[in-house]
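Think of it as A, B, C, D, E and F in the order they're written, each chain with its own count starting at 1.
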Amino acid sequence: MICILLAFCLHFSCIFLAFFFSLLSGIAFKSPTGNRHPVNHKTQSFYLFSTLKLRMFKIGFVKLGNIATSTAIDLALDEIAERTDIEFKIVSFGPKMTKKEGEASAELKAWGPQLVVISSPNAATAGPTTAREIFKGIPTIVISDGPTKKEARDALAQEGFGYIILPVDPLIGAKREFLDPAEMALFNSDALKVLAACGGIRLVQEELDRAMTAIAAGEAKLPTILATPEKCAERMNFQNPYARAKAIGALYMAQTVATIDAAACFRLKELEQIALAAAAGHEVMRAAGRLADESRELEKAGDSVSRKPHARTGELMKKTKLLEKPEKI
Amino acid sequence: MICILLAFCLHFSCIFLAFFFSLLSGIAFKSPTGNRHPVNHKTQSFYLFSTLKLRMFKIGFVKLGNIATSTAIDLALDEIAERTDIEFKIVSFGPKMTKKEGEASAELKAWGPQLVVISSPNAATAGPTTAREIFKGIPTIVISDGPTKKEARDALAQEGFGYIILPVDPLIGAKREFLDPAEMALFNSDALKVLAACGGIRLVQEELDRAMTAIAAGEAKLPTILATPEKCAERMNFQNPYARAKAIGALYMAQTVATIDAAACFRLKELEQIALAAAAGHEVMRAAGRLADESRELEKAGDSVSRKPHARTGELMKKTKLLEKPEKI
Amino acid sequence: MICILLAFCLHFSCIFLAFFFSLLSGIAFKSPTGNRHPVNHKTQSFYLFSTLKLRMFKIGFVKLGNIATSTAIDLALDEIAERTDIEFKIVSFGPKMTKKEGEASAELKAWGPQLVVISSPNAATAGPTTAREIFKGIPTIVISDGPTKKEARDALAQEGFGYIILPVDPLIGAKREFLDPAEMALFNSDALKVLAACGGIRLVQEELDRAMTAIAAGEAKLPTILATPEKCAERMNFQNPYARAKAIGALYMAQTVATIDAAACFRLKELEQIALAAAAGHEVMRAAGRLADESRELEKAGDSVSRKPHARTGELMKKTKLLEKPEKI
Amino acid sequence: MICILLAFCLHFSCIFLAFFFSLLSGIAFKSPTGNRHPVNHKTQSFYLFSTLKLRMFKIGFVKLGNIATSTAIDLALDEIAERTDIEFKIVSFGPKMTKKEGEASAELKAWGPQLVVISSPNAATAGPTTAREIFKGIPTIVISDGPTKKEARDALAQEGFGYIILPVDPLIGAKREFLDPAEMALFNSDALKVLAACGGIRLVQEELDRAMTAIAAGEAKLPTILATPEKCAERMNFQNPYARAKAIGALYMAQTVATIDAAACFRLKELEQIALAAAAGHEVMRAAGRLADESRELEKAGDSVSRKPHARTGELMKKTKLLEKPEKI
Amino acid sequence: MICILLAFCLHFSCIFLAFFFSLLSGIAFKSPTGNRHPVNHKTQSFYLFSTLKLRMFKIGFVKLGNIATSTAIDLALDEIAERTDIEFKIVSFGPKMTKKEGEASAELKAWGPQLVVISSPNAATAGPTTAREIFKGIPTIVISDGPTKKEARDALAQEGFGYIILPVDPLIGAKREFLDPAEMALFNSDALKVLAACGGIRLVQEELDRAMTAIAAGEAKLPTILATPEKCAERMNFQNPYARAKAIGALYMAQTVATIDAAACFRLKELEQIALAAAAGHEVMRAAGRLADESRELEKAGDSVSRKPHARTGELMKKTKLLEKPEKI
Amino acid sequence: MICILLAFCLHFSCIFLAFFFSLLSGIAFKSPTGNRHPVNHKTQSFYLFSTLKLRMFKIGFVKLGNIATSTAIDLALDEIAERTDIEFKIVSFGPKMTKKEGEASAELKAWGPQLVVISSPNAATAGPTTAREIFKGIPTIVISDGPTKKEARDALAQEGFGYIILPVDPLIGAKREFLDPAEMALFNSDALKVLAACGGIRLVQEELDRAMTAIAAGEAKLPTILATPEKCAERMNFQNPYARAKAIGALYMAQTVATIDAAACFRLKELEQIALAAAAGHEVMRAAGRLADESRELEKAGDSVSRKPHARTGELMKKTKLLEKPEKI
């Protein structure tokens, strides 16, 4: 009986302490006007909590609507669900991404996330824009396929948001004349294949890991990246340059998909044209998936697939040969 | 100190209010003991609200951990985000699916969902089990790759849960020796391709649509389905029997993946064996993805791909030829 | 000064002589029955000389530099070399396409072509521009991958030129760091596959056939076409809409190749970047070739490949089933 | 009579003028240091004009009818159109290759080519034979798919012609019952893919480069090669022996195509048989194209694709790794 | 000397005894009703015993050495092992096929086969020739890849043998420098795929079925067929003419394999040349296997795969749609 | 009675004579150095007769019914038919495998095999069981796809039989509703491809070679192996671990085929279900064949295909690079 009581006490004390420190740190980092001392928590460590392991990092996701990256973004931070340094909370309203959902995402605030990730198609639309307003003040990274224009991106940065704009995560052929649930999932499958094999997913994951580490270390350095084909492919550490070229090619094809599907979604008016354009876009996506697959197969041929799993402690590890052990970077 | 106190007060008030309203609405629609007239809304209509459009149907999702179905499940109910009869709320904790996350999913209750879907790997584990306990009383459907045994499934049904068990949505090779974020996403991509092309996604989507319609009509008829390869393939309305056979084959291969990956995850102990088994599992998944793709290409060859998009009103439509208009079923 | 004058004199004398002899030979060989009135022969007929067979139509080609269309353009007008109504003369300087070659193409004039086709990369460059000036006055059609801008195309038309601009016949990755003769030929092979399977070649061929018929009938109606993916694909009379969508997709991919290769050729400066970009461009071209092949295979699956061979008399015939006879259209 | 005389005069004056100006420009641009002794220029050098840069080498092509090699032969000598040591002139009559076109090719003589290349199907037919007679005395290389018999080839050599007979550049299925412009271009695409990936194009290009160098050096050593699969494949410097075996296999398949298509073109009489045989021939060509592609992909897997681009000065360079610089051989 | 004499005596005694017992057993088992008049039972029936079911037909196989057809030949007559009208006996000596094995095949005689099938590579070699001599007098069909020459085949027929010569069942690359057990089996797999998908197996099976029926009916009509690509493909009742063309193409490729492998086996002397040629031959075989597979996939696309299973009674049935019932022909 | 006695006498005399002559020949040809003591010859040597070359090893095969391994098993021991140390005799009854055929296999005994191999589907059925009883006492190895259960296998071993159970050599879809001779051969082709490329054939061949050596050396050590995917793949000495993983995956897929086909053969009752299941099983087999092919292609990419040909003397040799010589192990 007593030990249970004791456990309860400890439990509450812990929570209290956690709360206390979070308050402290909250004051320390987030209050733009207060006197902070960045010097104190500027650490060398890349990974979370190598010096401070009081509590887990709280990362919150607001997922609005459908982009392929969204379906893997949180899983990519803890692919075997063994990290002990990180806590997730995802808020989503499924396919919906209007202003209403943007507002409803406010509920994530109560959880006290240290980093918020807002992923959605076109971040310039009402829903994501509303969401961003809500999380102003909290370190927030926008992940989307647009806006791609420099001015629009700079505006995001000036408002204090980090961003990773992925034009390689293309618009789906979202017309009732063509798209049904199965076709939607197939498109996401192909898009995800390209993003995963060619570096898009890794770029996002590494940047989120890096941002978390920075925040934990007291420096809110958020990424501001336009994820071009070249930048994505660079992350995959291809050993075979043809594998890299294929990956770059597949990512360019994904961008082409966006162009074709945009016509289907916004410009064309007749059933036949819409269906053909959307189908053409999805065929290109599928072809891109195969080129991405070919890229990876080339690396398999040389037993040089780069893998970067997370250690239990959250650090990134790496391995290249299939039968070798992952090692801390 | 005071502001913290205030925050607590506000918090509780909110919860209270939410509860209050949900009670109200509960009385109106759901209270089994209250004076409702099932006769009135027992309609012939399969789809939601064809006669009654008072408000949108509220479907809540608790997504615990990583199965491929989870990445498409909500999007599949409103693939172009134009339905006006349905509202979504998703609660997730990313890859995490322990008891703690199971408990945390309770927060969905406040929203007053009319149907809760709990998707996760192996529903027999602690996290999903805890979540189920929380939602007892609310119509709840379990979506998972297990348990597959009849007794375990019957137990679920006896507790009042609906379920769709998909052994065709297989366990990933979740070992640090093999899996990294990119490989995880690739596996999900392949699994999703099989599920989407071969009927798994459609089965889930149709059952959820059906359950929502039933609930809206006052009859909480929940699905209790073991989604075998044959049952999934049946849903795709294949015109070409070889396409159907390929789909069935691909789904069986997905089940084989589960066997291989289970060895990698739970039974094997040495790096080499683990890495080889996990890699073999993922190769079979990839081969299954290609067979699924072949299946769909065969249907394309006959211009007989079955598509079932949602109308704006939520009804399912269908079309077979690419250049024909979708029609209400 | 004097020598230039002399050259001019010589030039004109040559042309005069050539003309004189061609007249003579025309009388001698081709009009066995004697006095006819070329002025009258404005006929309704689409094909050449169905009513009037005075002599063979003389079509001259100036091929400057390397585009894939050039390698098939003349052969496409008489694919089994049995037409009795048409005569070809091609002038080319191989890969070279500077002003000098543009000027040298003048020699074709002496032959007295009734229609001149100038094919080259970017028709806005010096060589093709010079060539056009030379053939002003003679019905001339420009075939190139650019200029694509409307104003530039309109300018061509205003100068009296017909044009078929094919952005789907993309720039090659013409950098010594990547391209060698084998790679050049492989790229042309892939580009030609896309153009041939997806309608580009047929569009050009039909337009040239049509222009010749018009000229022979006394109306110099020249095509002014921007050959978009959609317009090309339309020409292939696909029976299977997925085959058509794949063709459109492949053609869009070809356009993407142009973008990538342009970076390699004109923008990038370092060996690694150039080689990667050029290789990526060629990988996309290769992937487009495969998608084009898939498109055709789908039509084979339905035994619905559209074929349009030339009759001996030059008329276009058509057949759809492999084992049926071609028939006059 | 007089006008002919006049024409001759004019002609010679033209040539004189051309020569005069070329001399001038030679002096002006290329020999900054002045007095050199052309007499000495029998050099060991493999490449053109390393010691003597008075003028560019003039290579003339007579292209009669359709073989795949023809579509790449001149481009292969200057793949990025930057060589400063070579001048091209191509004379062609499109698909036509009768005696008449053979005779008409005489006009190339006026240009004063130092080497003439006559490419055509079956060099034993009337057109090519006539053309050869015209160019007797000028170094001339015959490029064709036949004759393959030793005696016939020896006869060519005894008449002083060089030759490269490529049985691997097969006869097309040239029957109206099957072939249309699109199918023709597809066949050429596949044939070119095999020739390019497996060494046929390189063999031709290297031999032409070598012959030009020899002629420039005063020794008219012309190639006399029956380009068997083995000899072609040898030129590609395959590092991976399976890539080489696949290339050899693909080239043998190309030869098989010739056999099948010959039946379709010359032996079979009924529509069904002709169409089936021609289609079978083209299917084998397509399969050969894929095997050729596989061969190259194997080399990509080892980053060992041999590339031999031309330097601006015309020398052959080589590189093996994609990201390395080409170097002079 | 004496021991040889003795051996001979023993040998003959053995044969005599065997013959004696076989006679006895023949009487005992097979003709329960006694005196039959073979002359009478000339029936119209194509299939065995539709009117007369007195006993099972005895078909004996002598399999000498390795051709792909051998591995399926007997199974093809009773693919699900349910025929009640036929008895098999196979005699083989594995890979061996010298004169010795030819002689040893005599033991089959004792069984009293009504039809003997001798399958082997090149039937003109010593082993098969010896075997044929042994079975003279008994209806015997030779199945081999050679001899293909008309005279040699006519000679076979004149000696009373039936034959099916399959140049499409090609020589393996039987050199220790290349072939090992795995490679041998892979080659057989590919060859069998071509033979099975393109009609070779069906041709053999139908002819054997027909011959058995004829023999049972008292007419020893044996096949004398040179199984060309066209003849094989005809048997598959392709509905899609492109599928048929692909099958013909694949069979021609198989013949090409024989040419390449013959060089490896008999003409080339150096390790490198042998290994490359044998590997090239096997690559072409593999490519042929894929083309054969493509052919069948085209038929699957139209749900028009022709199937001809045996009824329990031995009659051939047929079906075309996958989900339809087989029916007697 | 007397004649039987006589037959026996004759039989024994024959054997004696054969032995006598083989002794003579052994002395004459193979033992140049003379007197050796067969009694002592328990040697360490793995291969046959390295010390003792008195006579050839006699291996007998009883092949009952259809498994893919059977079609290659004897050929695999002497792939180019040049071994001088081994003699084969195969007894088979084609597809039939009932008790009757089991009994009839007794005739092999007369030949005096030193090792008997009984290959068949499911060794627990009547035919194979009967055959085993017959050969009790003679070293006998059972090769089959079952029984897989440990007890059943142990029972075999306890009766003194060796066994290699290959669950990776799966049941065919043996229903008249689906299987015809062509489909049967195609299935065998795919199954053989998997077995050959992934190690099944090599495992069997090495074990038979090993057993023969052991028996020749006086130790009848027979294999007792359940040939799991992992054990098979191990034999192929893959250098590339992804090739190995693919091989393992393909073999697991083959096992899946067995499950699917078992349903088709034994459990399902309706035409449609049977045809679909059998077709699905065969599609998975085909997909497994392609994955096996991919595995081998990966090894080709590294020029690391392991080959283990037999020397003329029967010893296993090995080579890895295509252009290197095989060497004794």
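Here, a residue touches a chain if its C-beta (ideal position, glycine included) is under 8 Å from a C-beta of that chain, and two chains touch if they have at least 3 such contacts.
In this text the structure is predicted, and so the values were computed from the model without any measurement.
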item: If a chain touches chain A and chain E alike, it appears here; value: B, C, D, F
item: Taking each chain's C-alpha mean as its centre, the one farthest from chain D; value: B
item: Taking each chain's C-alpha mean as its centre, the one farthest from chain A; value: E
item: Rigid-body rotation angle, chain F and chain D, from Cα fit (steps of 5°); value: 120
item: Centroid spacing, where centroids are CA-atom means, of chain A and chain C in whole angstrom; value: 48
item: Whole-Å gap between the CA centroids of chain A and chain F; value: 54
item: CA centroid of chain B to CA centroid of chain C, Å; value: 54
item: Chain F residues counted as touching two or more neighbouring chains; value: 241-242, 245, 275-276, 279, 301-302, 322-323
item: Interchain pairs in contact, sorted by label; value: A-B, A-C, A-D, A-F, B-C, B-E, B-F, C-D, C-E, D-E, D-F, E-F
item: In the complex with chain C, residue positions of chain E that touch it; value: 240-242, 245, 294, 298, 301-302
item: Sites on chain D touched by chain E in the complex; value: 229-230, 241-242, 244-246, 248-250, 252-253, 255-256, 259-260, 273, 275-277, 279-281, 283-284, 287-288, 290-291
item: Chain C residues touching chain D - in the complex, by the definition given at the top; value: 3, 6-7, 10, 13-14, 17, 20, 61, 63, 65-66, 71-72, 74-82, 87-97, 174-186, 188-190, 192-193, 195-197, 199, 201-202, 205, 236, 271-272, 275-276, 279, 286, 289, 293, 296, 307-311, 317, 322-323, 325-326
item: Contacting residues of chain D [partner chain A, same complex]; value: 297, 300-303, 305, 321-323
